[in-house]
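Okay, so chain A shows up in both of these, paired with chain B first and chain C after.
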Partner chain A sequence: MTPAEIRDEILDILSEIAPDEDLSDLEDAKSFREQMELDSMDFLDIVMELRKRHRVQIPEDEYTNLASMASTVSYLEPKMKDIIKA
Partner chain B sequence: MTNTDYDTIIIGAGMSGLAAGIRLAHYDQRVCVLEKHYTIGGLNSFYRVNGRNYDVGLHAMTNFTEKGAKKGPLARLLKQLRFRWDDFQLAPQAGSAIAFPNIQLNFNNDIQLLRSEIATHFPTQIDRFDRLLSELIEYDDLKQEDFEVSTRQVLAGIFTDPLLIEMLLCPLMWYGNARQDDMDYGQFCIMFRSIFLEGFARPFKGVRLILKNLVRRFRELGGHLKLRSGVERIDVDGCHAMGVTLEDGTQLTAKRILSSAGVVETMRLCSDSSVVDVDRTGELTFIESISVLDCQPKKAGFDKTIVFFNDSDKFHWHQPESDLCDVRTGVLCSPNNYLYDDSEGDLEAGFIRQTSIAHFGRWMELDERSYRQQKMRWYDLSTQAATQFVPDFRRHVIDTDVFTPKTIRRFTSHDNGAVYGATKKQLDGTTHLDNLYLCGTDQGFVGIVGAIVSGISMANQHCLRSDL
Partner chain C sequence: MIAIDKTSQLPDDQRVVMTAVGLTAPNGNNLEEYRANLLAGKSGVQDYEIRYVGKTLAGICDFESTKYQTKKDIRRGTRAGAVGVWAAQEAVARSGLDWANVDRSRVGIYVGVTEHGNVETENEIHSIKAFDYDTQYWSHHHNPRTVANNPAGEIALNMGITGPHYTIGAACAAGNAGIIQGVQMLRLHECDVALAGGVSESIHTFGIFASFKSQGALASHADPCQASRPFDRDRNGIVVSEGSCMYVLERLSDAKARNAPIIAEIVSYAINTDATDFVLPNPERQAQCISMALARGGLAADQIDIVSTHATGTSSGDSQECDALRRAFGNSNRTRFNNTKSFIGHTMGAAGALELAGNLPAFQDRVCHAPINVENLDPDCALNGLVVQEPQELSRVDYILNNSFGMLGINSVLIVRRF
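So, the complex of A and B:
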């Protein structure tokens, strides 16, 4: 997956977790916590969705990399580069 | 794999069990929810008599927050179960009251109304009320040791007018206190937030709509739901649960078990336990007198959503000393008096429901004939008691129904028909076995939203993380 495809995938996960949320003006550099008020249960869900959909494993001490869209995409890029987008 | 081996077995198809089931099935676990009764919902079930729909537990859903709210238990459960706010079609309350002799405090889903009522009726206490608001513990910050502090002690350190303490305790104890007389401070904070800071709401179609959403989702995700499947025992080997044996002899195995049966009831099911800590069993159970009116309740003068009343300055939160019921305190609720969308119109009939405290043992001892007679007698006595506090609606009544501790026991399987479960909660959900966990009423959260959040958080903590 390219960084753009990973970004789309994260957006898809976020829209599944929070279907009432308008994600069109999400700022990549700003934290999810600040913009969407995601809590620790939501971050766990992002991790679990990535594992369910793509078998990507994220150790608990690396969850902090998921703070914003920009940090998430750059963190996932090496882990997901060999995954073919369905 | 055969159909008798699961990742997780869940005991009880109430709100917490179904919610936990959805979480686990969503993450591809093989999940089976076992329900003893022939229908789902547990305490929050529903039934149909004489062509009318009745809800069992639901007066109101607490924890209401408006669409778009990002915080609080309702927002959390929607995200965790992947529902939209609109899926539950929640309509907010019209307005409620706490009524004591010669004084009434009105409140609604905006805390400012209650605040101004207190400022008017208790001018010397309003700064103290503001202090209480600032000292409430957040949902996520509740620890077992803070949880069990006496609420009466905390409130006596804040307020100087004992009547206000009794009036604040009345609705909060009525909607979720398993202990008699006093309340755990953790439970008080949960109830205060869920009722006064968040609020009451109801779907037009009642609890059916919520249960239907949960069951449909659980089945779509591949979960198994078995009705009329009471658990005979939890099969234990050492400190580990191997699975369950059903009442019909069927054996099921699982990596772990999540039980919403109640802490004492679950311990009794374990094949290794000889001593059960019965002191934890709750004593508080209720009768519910349901009146069907020939008009909408507001035409009969009842325009509140919920009225909590008590007939003296001291709130009586104790099981009846010598009789079947104690009707000196009660809750009246009309499911009609919510701000439903205009497109939905009015409910098919006018309903007023009234809850009174009851004594489990005395109701269970009655033979069939006296049981029927006592239902009628206590319907009359309870509605009579209510007319001190609300307009007399009795000439509008065209049909009645009463359910009793016996009914509650049948739906919930809780010892003593204890609606709010055990007196001591197990916040972390753990038990003496390393793969048996509790969820629901006895884990700490009550109410529909609370039960669902309990199922979700216990599933996350104990049944999903271990797979990571």
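So, the complex of A and C:
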């Protein structure tokens, strides 16, 4: 997956776990929590969805990489570069 | 229960009244719509399909789920929570309570459940099947969704209620048991307002359908509306349904002080146990439960105008209840008997509360609604006073007695009075 495809995938996951949020103006550099109502269970949903959809494993001590869209894509890029977008 | 012959002799701060009801049933999302459909003979049973079991029938609720919950709340929570939130919010909205200024640490939530957690457990097992049952794919939402207090806790979260909240597991007697718990807590002054009743999410667990089917107790019929047919000779089992019914209960002294609309006074109740079988009812114990409720209320059987029966449409259960009713009401020519499951199926944990609600408007309109689908009355169920097919207008309705029984031999009876 390219960084753009990873971003789309994260957006898709966010739209599922936060269906009331308008994600069209999401700023990549700002933290998710500054822009959305997300709690720890929601972040675990992101981790779980990545695991279920792509078998991507994110160790607990690396969860902080999921703070913003920019940090998430950057963190996931090496883990997902060999995944072919369905 | 407080040992006093007549509830009306109690001081007002020991008398408990219903000041509002909120509900969702397979044939109505508020008391007016529900009652109109009961009087019009309109069923809420539909075709339904669920994993592994396949095509079957169910009573399905269709309410505006996002009126009181966000989509995220609904996704994170359970169906039992969602129907519970709907009914609790609707009840409070109809109560006339100045909710913004109610001390929510003094509100208690008491929700009857037949079962809870099966839906989510089945969903997770189904989900991890795709991952060869690797439990690292098991959802972190499983525990908060399946803890036994979940439906009551979701109501508390949604409405900012900080008083006590819990569920009462009482099989299919749970709707009555939830209300009874509310009465007790108000009398003990553990809370000032009780949100009490019952919920059912049971149509979302295949297990309940499969188990009834294996037991030979799952209803089937070419016409879904005719599948639930208590007292009919051709009944062949239970229609599983979802639903919710929550009451606002208050002490009479508090209700009077705020000039609250009073739907009914809860004048007596009883709960007992068969202790004879996992599944089969015991009419002797059921009759004892009814008689105990009458005696505690200082009432004679012929003072009861309407008995809302529990009958579910199983071959033995209906006739056993009729046996119990003959024992308890044998000499009453006044009492009329009806049934609501023929319209909505068996709403499990909500059944007691919902079926009582369907009868409460009779205090005003004096009409006893009639169960539908009694085309050939089973002689074993031919009760003197059984109302069938057409609603019956009564000269007066002062007392309604509500039966609700469940597996493991739990029996519950609630008696309410016109206020």
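Just so we're on the same page, the second predicted complex is superposed on the first by the 86 of 86 C-alpha atoms of A that agree within 3 Å, B and C clash if a C-alpha of one lies under 4 Å from a C-alpha of the other, contacts with A are read in each partner's own complex, and residues count from 1 in each chain.
The rule we apply is simple: a contact is a pair of C-beta atoms (placed from the backbone, for glycine too) under 8 Å apart; a residue touches a chain by one contact, two chains touch by 3 or more.
Bear in mind that the values here come from a model prediction, so they are computed numbers and not experimental data.
Undergrad: Touching A:D61 in the superposition: chain B (first), chain C (second), both, neither?
TA: neither
Undergrad: Return the chain, chain B or chain C, that is in touch with more residues of chain A.
TA: The partner making contact with more of chain A's residues is B.
Undergrad: In the overlay, answer first, second, both or neither for which of chain B and chain C A:D20 touches.
TA: both
Undergrad: Using the superposition on chain A described above, determine whether A:M41 touches chain B (first), chain C (second), both, or neither.
TA: Touch status of A:M41: both partners.
Undergrad: Should A:K52 be classified as contacting the first partner (chain B), the second (chain C), both, or neither?
TA: Both chain B and chain C are touched by A:K52.
Undergrad: Just to be sure I follow: which residues of chain A are touched by chain B in one complex and then by chain C in the other one?
TA: In chain A, residues 17-20, 37, 41, 44-45, 48, 51-52 are touched by chain B and also by chain C.
Undergrad: Within the complex, which stretch of chain A touches chain C?
TA: So the residues of chain A in touch with chain C come to 17-20, 37, 41, 44-45, 48, 51-52.
Undergrad: Within the complex, which stretch of chain A touches chain B?
TA: My answer: residues 16-20, 36-37, 39, 41-42, 44-45, 47-48, 51-52, 60.
Undergrad: Any idea which chain B residues touch chain A in the complex?
TA: My answer: residues 27-28, 67-68, 70-71, 76, 78-80, 82-85, 140, 456-457, 460, 464-465, 468.
Undergrad: Which residues of chain C touch chain A in their complex?
TA: 70-72, 75-76, 131, 136-137, 139-141
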